[in-house]
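The following pair of complexes shares a single chain, chain A, combined with chain B in the former and chain C in the latter.
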Partner chain A sequence: MKRLLLVGAALALVATTNVQAGPREDIVALLMAEASAEDAAFAGFSGERGQILFSSNFNTGKPETPSCTSCHSTSPQNMGETRAGKPIEPIAVSKTPERFTDPEKVEKWFRRNCRSVIGRECTALEKGDFITYMMSQ
Partner chain B sequence: MPAPKLPSTPTLRVWDLPTRLYHWIQVVLVALALGLGFFAPEWLLNQHVVIGFALVGLILFRLVWGFFGSYYSRFSSFVPTPGRLRAHFSGILNKQSAPAGGHELGHNPVGALMVFGLIFVLGAITITGIVTLGGVENWGPLAGFVDFSTGDRARAVHLALAYVLVVMIVAHIAGVFAESQRSRTSLVRAMVTGDKELPKGRTFGQPDGAKKGAALVSLAGLGGLAGVLFYLGVQVPASGFIQMAEMDDFKSECSDCHELYHPSLLPEESWTLMMAGLEDHFGEDASLSQDTTLAIGTYLERYASEAWDSEAANRLRVVDPEKPMQISASPFWKENHAQIPEEVFKTRPVRGTGNCKACHGDAESGRFDDSKISIPEPTPERES
Partner chain C sequence: MRIIFVLAAAAVGGILAVTTAFGGDDNVPPISDAVVQEECSACHFAFQPAFLPAESWSKMMGGLEDHFGEDASLSETVRDNIEAYLVANAGRGNVDPQNPPLRITELRWFKSEHSEREAQRMMERLDVKSLLSCGACHQGAERGIYDDD
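Up next is the complex of A and B:
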């Protein structure tokens, strides 16, 4: 029993060190609270849903930008390019560690790009899924 | 064994070496300046301008030499008085060969008219050129003194005079050949060797030589004066540009997706319209917070094209009424980029008409100097 408790404590320690505290985690935590408020059945973010969001062709926003991949390239690992020809750093967190760490920037770009691509603002669930996917990349 | 001395017609040194050098250097420089002015792409403007300043020096030399050169180079020896002109024309009408009067060994009265005319027109071309450079391009010794509209008018005169010069050159060459025929001497060869054969049976005293010291002193004085004026002139900041306050939000927010466009490239009304419609900004949502939108809008309106007298600001102030926010839709932009193959805009590295920096090295300063233009080779579009 004593041994089991020790293992449990160790596991808990590993878990907390794995989920590092930081600005990105704060942003995700806020989105989680929002998502639960929006939907009582909310059961956590999903990187898989985020991947679908990233690669879907919506065609419901502005005709110039039917998909996230229109500018961010088909892989989050790759450099993207704006329609005006300016390079975009990879959106994957492993490639660009500053991604999703500035709440103002996160708000600004989700607002703009969701409207441009989908034609509406994104839900907290979509934003959380998207960030979760990018954190796994 | 010395070569047997051939009997030769007596000749006279009519054109001294400085006059001949002046003539042929001017031929080369004028040809280059005309060629560059009429046919060269805009980014060779500097070369055209440098040649223009060299011509100023050459004209100054000729003016000095007109007073202190050797006899036939001096203006006083070939003043085309009505009397001389009348005598010359009656000679031509009576089909006489060229009379061997003293001044006819030098410039005949019609040739003299051409000499004075060429010096005058060339001088006027260089002056209007420098005014254009200062007013339109905001460069050179007059950049701080001439406004754009004056420069633009000077440019029209500069161009008109260039056509006049071409006509004069054609007339000059035709005149030289006609007179060579009539006088049975090659005037071209005389301008190379400096010598003209003396008409038989007539003797001439050796004409008095140049006052080299006086010429040198005058030329140094005039050249020095021109140099000082030039130096003082270029110290004065160009009148087309104003001091612009820095604004971090403008710099960062307006260069997220595209290069930073200089506020002087659109009129106030266009910027107002643009900042009011950021939700649909050339096909994308580029909305900003209310505060930032207001602050950047105020900044852009303050430094819109109306605040500047640069070439770009003056030209781009006229927008396409259908697309008042699109710089590349303006009549001036279209006219000035019409010669560029569409391929350049469709492929890398330019990729679109909004990428000013790709060809204009100084785009972000709003200067858009002709000499800073460099169109990159279009590359076949690669799939990425």
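Up next is the complex of A and C:
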């Protein structure tokens, strides 16, 4: 029950503070609800934690991709490149406004890339932190 | 091997006009399925199915969780549809069904068509980092046209 209340509170918080409603905000709101359900002490997403996530060398996933920066370059504002040589548009929302607006794509790429880089799927907290960081970039 | 691909092109093309359009030595039918094109080109050039035999595509699509060192997993429905398309349009060739080739760049015909010295010179000249960027040198690559070398 406490957890349910927290989820409700998180959603209410989103509803009241999100002036800019849109598909990205909806994705973040769902992640907030998930993060609250995962951890009762959840107190919001953090762009700073997202930045750490983006730039860390995990070395726990596939050896070819120790970090997000292996393909996305060291700055979210810059173009990246896949290992097969294909350019990747910047993941900073300011540079590529359609980033994190398609729930299916978001789900697919977090699943693939978290498994490749970290060796496991990401938590809702990690996903929310990551998107929050990219929204500030 | 080249002959096999031309035959495959003819078989898939079906009518004379199409086989003539792909009549060059090194041409293959282009990908005609939008989902295959989109998903396979997300990280690399979308290689036409005629470049590998059916056994290779099945093995590859059965191991997307470790696709040449990356997780390229798909939803089951999308995965199944893509495998069916690749298998239906695959090239022909006798391969060990237990251990079919997965890397196009390691096939004998590919190596002989891209001799190391020549390929390296082209890649340096055009600043191409990967042999998988077919379109960097073959301008008609997406349309299956590779006879421009």
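Throughout what follows, the second predicted complex is superposed on the first by the 118 of 137 C-alpha atoms of A that agree within 3 Å, B and C clash if a C-alpha of one lies under 4 Å from a C-alpha of the other, contacts with A are read in each partner's own complex, and residues count from 1 in each chain.
Note that a residue touches a chain if its C-beta (ideal position, glycine included) is under 8 Å from a C-beta of that chain, and two chains touch if they have at least 3 such contacts.
What you are looking at is a predicted structure, and each value in this text was computed from that prediction instead of being measured.
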item	value
Combined model on chain A: chain C and chain B, fit or clash	clash
Touching partner for A:73 - first (chain B), second (chain C), both, neither	first
Footprint overlap on chain A, where chain B in one structure and chain C in the other make contact	62-65, 81-86, 108, 111-113, 115-116
Residue ranges of chain A touching chain B (in the complex, touch as defined)	62-65, 73, 78, 81-86, 108, 111-113, 115-116
Chain A-touching residues of chain C, taken from the complex the two chains share	41, 43-45, 65-66, 68-75, 128-130, 132-133
Footprint of chain C on chain A - complex, ascending	62-65, 81-86, 108, 111-113, 115-116
Residues of chain B touching chain A in the complex	255-259, 279-280, 282-288, 351-352, 354-355, 384
